[in-house]
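Each structure below appears as structure tokens.
What follows is chain A paired twice: with chain B in the first complex and chain C in the second.
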Partner chain A sequence: MVDANARPAFGRAALRVFDLGLGQMLWSRRTVFMALIAGGPVLIAALLRALASLPTFDAGAGQIGGRAVSLDGPDIFGLMIWTFYLRFTVPVLGVFYGTALIADEVEDRTITYLFTRPVARGAVLAGKYLAYLACTAVVVLPSVTIVYFLVVPLLGGSIGRNFPALLVDLGLIGAGLAVYGAVFALVGAWFRRSLLTGLVFVFGWEPLVVVLPGYMKYLSVAYYLQGLAPHAMPQGDALSVIQALLTSVQTPLATWVNLAALALIWTVALAAAMRAVERREFVLGQ
Partner chain B sequence: MSPPVIAAHGVSKWYGQVIGLNNVTVSIPPGISGLLGPNGAGKSTLLKLVSGQLKPSQGHVQVLGEPIWGNPKAYRRIGYCPDHDGFYERMTGRDWLTALLGLGGFDDDRAARAAARALDTVGLTDAADRKIGGYSKGMRQRIKLAQAIAHDPELLVLDEPLAGLDPLGRRRVIDVIRAWGREGRSVVVSSHVLHEIELMTSNILLLNNGRILAEGNVHQIRDLIDEHPHTVRITADDPRRLARRLLGYSHVIAMQLQDGAVIAQTNRPDVFYTELTALAAGDEVGAVREVTSPDDNLHAVFSYLVNQ
Partner chain C sequence: MPIHDHGYARYAGVRTQPGRAWAVIAGAGIGRMLSARPFLLVLLFAWLQFFVRAVMFYLAANVPQADVIAPSPATFRDFFDDQGFFVFVVAVYAGAGSIANDRRANALQIYLSKPLTRVEYIGGKLAVVMAFLALVTWAPALLLLVMQTMFTGSLSFVREHAFLVPAITLFAFLQVLVASITMLALSSLSTSARYVGMLYAGAVIFSEAVFQTLRGVTGGGTGLSWVSFSASLAQVGDVIFRVEPRYDTPWGVSLLAVALVIALSAWVLARRVRGVEIVA
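Let's look at the complex of A and B:
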């Protein structure tokens, strides 16, 4: 007969769920699709690299709308990190995986087997969240690294000198994945139409509030990530306009404030998501 | 007198406007108990409440003396086999069981041993290292049962465990359940086929429209059931040959072939199932893949009971 008191501790249970969930997540159709999205910047970087090798290529200084601009490989890499990764790929990964942490198990009808084990439901969510972090890191970080090695050497950029910035970028993307994942895990646990809600947040709310004056921007993740971006944006009037459109209002916050804000969002969102999963019924077939 | 393994008091459960269970008060004693009712009667709802997956809208449920909702510690003492078909299709049966046992607090060695034992009990040792996605319906039913028994719980809660099994698989699962009961442990098993329940226990609960209609001994219900023909759908490799063979039985009162399956009506379901199992075990009619019973006959009996 069973030892009625034998049950794994929270952390151990989360790691067991991580083991169980990672394989399912890595080989899902969603991951294949997301890998294609993360491959887009690599394709663009490869095209840039091919263009740069043409004998007629002359860049590094040029004109947009009659105004002089200058940029080099690290500048292009910085733009790509912000536009392709931090403002698109990372939140999209967060939405599609974060809202599906429990929803996938419900849809596949496997949630029953997890929720009838002697572990806290919060540990199930935590394990799935860890699997999400591992899975998305596998999808995005190699893409960023490849883009770095393709783009940074363009127009005289130095791979060695810019390497610390790459590490910061990778850390920033990791932080973005962690915070967006936690926020959308909460959205997935709270809302019935969680994917739609998440997409509205990423493509409606965040782009809007970071350009609006006032305090609404503090209710976004992008604002704090933007404040941590290490790249000096390219110089020149025209590119400054583009930069202004992309990064909008320059953050006045110190680095530690941005980090603290992201840590707070992460903690509150993940704790609230676990609490919601603990309390909510998941009725299959409804 | 032993305390009940399950005690529900004034339990109701509704899903929005739909009532799943309506003010049910019941005490289920130790041993094997059958939960009988047509589809939509509330059997699965009751079993989900008992296994801690749902919270009662009203009333309270105690299992093995403890409240069950939000009490995962108590889940260690329960093995639950759901009626639905959902799996990690890319995992092997052995890996899946081992992983679930790990979630139950087993270390790797103990989990591997317990998984092997459970696979042997349900007759899946040979298929243990195949991916679940490649399992037949009967094998999937049996691996579900294996995950319910693998951690050696005090109470088994089985939701339609015989659905879709071939005759030999049915016999094996029934044997497992009966052996569990003989060892002094408790089982609550649901079905919409009285004959199935009857093979495992004589202690039944009749459920219809979210209410307990009757509880106690099976014999009175059995007599009523016999007044209504029992329909059985059998999927076989050679349905024509099987149909020809079944026509020779006096207790088979109607037969038709439909979509490669034989639909037979009998007024002696106990004899019918015994003879079908014997046929399936031999070579005479080829392989019998799946046996199911639509619940029309049970609906008729319930209508009769309700209108009495």
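Let's look at the complex of A and C:
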């Protein structure tokens, strides 16, 4: 005899919510935002490729219309991984989707329907988080791969020789999406103004603390994530120059330390987010 | 007291002159923002730089060894640069939901069914965001200039750099206008303030990322700074403050890029803020 009051197991419940959440995330207007973010670098890469095929491009001298192009394909790819993915796409998607996991349901006043189902509240968050990971990975990782194949062959770069770096990049971006998503799921579950808190953390706190001497930088995700990047750090603005200078005089953390720190942040943030969702009373505004 | 007569009564109140309704929207918006404690905290943080610089001005005026931190026109230019993050935060906080929330509640039709034109509605909303942005840019910058005069007890700095007051006013107005009108245009495109905030952050940071990539590819060349609208604004700001422009782009091109952003935002607002939805 089936017990009508029995709750489905946590894993099964999370998978059901994942199934529901994935459909909502993929077929919403927000996907346009994600496609724009992931499609932008592809467009730039295609433009660079088109420029390289123009008659004004002198591959031997490394010039376009007489203007020097100082980097080769793999370097340009490394630069794009830093400026577009590590510093922009990964944290922005983490903030946008991570904070929305619970905040959207509160804003749309649909959280009541989710919480009245016979599933653990933590499973709701876990399922939605898995949907976020799948959704962003499906869009962002192919974008990185396309950029790789468009950019790396430029100016004599070898696709085969640089392939291991691509795999590292894909792993790094996947890890970044997972950790930022977990951190901002916690922010979304805790704070009322979660988006603003997330934006301040990503664009105010993190760029500042990674250039400060001392231990402040350990209170960020970017420090550990950037420590794993296989490419040289670009030096465009003043903060990047300071960061590169500090990196050159400080002993970098070992790869396993960076990985362990990211794993710790991920575990603590996700567990705390689930606990917050389990315990918090969400008040729907007028 | 019971009402015995339900008959018609002519309106006996004061008739407001046409063209002043924007002030009602602006007043209500400013009052609502000021009643939010977290927003006041953001404003307080935005003034931190003012306090730090005021202390530096005091030291420069009173301690002979502190000459190295004496103010110059570049100090005021740097002040605006460093306030950029707070301009971003205040614009998102005060502007993201300004039209999006009205669209979400279907209040736009109600607003525009009153004796209120679209221009007045947009003007009122724009005034709210611009007022708070001016409070974290123009007001502290001008006050710093006043503090400098007070600490030194002399008007010589202001006389020597007479262009500073108009420069502060002009650049603050430009910076505030660009941030406000862009935010309002994005706000009119959606019904979710969160989505609008993200769109604004995406637009600002993505254009900067494109510029940094092109800069790296061209070996540090900054001739393509016009692709980033924050870089374009910075370039125009350098010219206004009479300091060495930081990028190779002609300032006229940067100004054109800024003007295009303003024009595009105004066009979006004109298309999206309507009393009725036009279904094609």
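Everything that follows uses one rule, which is that the second predicted complex is superposed on the first by the 248 of 286 C-alpha atoms of A that agree within 3 Å, B and C clash if a C-alpha of one lies under 4 Å from a C-alpha of the other, contacts with A are read in each partner's own complex, and residues count from 1 in each chain.
Rule of thumb we're sticking to: a residue touches a chain if its C-beta (ideal position, glycine included) is under 8 Å from a C-beta of that chain, and two chains touch if they have at least 3 such contacts.
Everything numeric here is computed off the predicted structure, so don't read it as measured data.
**Q** Report for A:L155: first if it touches chain B alone, second if chain C alone, otherwise both or neither.
**A** neither
**Q** Please indicate which partner A:E278 is in contact with in the superposed arrangement: first for chain B, second for chain C, both, or neither.
**A** first
**Q** Which partner chains sit in contact with A:T83 here, chain B, chain C, both or neither? Use first/second/both/neither.
**A** second
**Q** So, does A:R16 touch the first partner chain B, the second partner chain C, both, or neither?
**A** first
**Q** Quick check on the superposed pair: does A:V200 touch chain B, chain C, both, or neither? Answer first, second, both or neither.
**A** second
**Q** Chain C touches which residues of chain A in the complex?
**A** Going by the criterion above, the answer is residues 29-30, 33, 36-37, 40, 44, 48, 67-71, 76, 79-80, 83-84, 87-88, 92, 95-96, 99-100, 103-104, 107, 193, 195-196, 199-200, 203-204, 234, 236-237.
**Q** What part of chain C is in contact with chain A in the complex they form?
**A** Going by the criterion above, the answer is residues 38, 85, 88-89, 92-93, 192, 194-195, 197-199, 201-202, 205-206, 209-210, 212-213, 215-221.
**Q** Inside the complex, what are the residues of chain B that reach chain A?
**A** Interface residues on the chain B side: 15, 51-55, 70, 72-78, 80, 82, 84-88, 90-91, 99-100, 102-106, 147, 151-154, 185.
**Q** Can you list the residues on chain A that touch chain B in the complex?
**A** Counting only chain A, the residues touching chain B are 1-8, 13, 16-17, 19-20, 23-24, 27, 108-110, 112-121, 278-279, 281-286.
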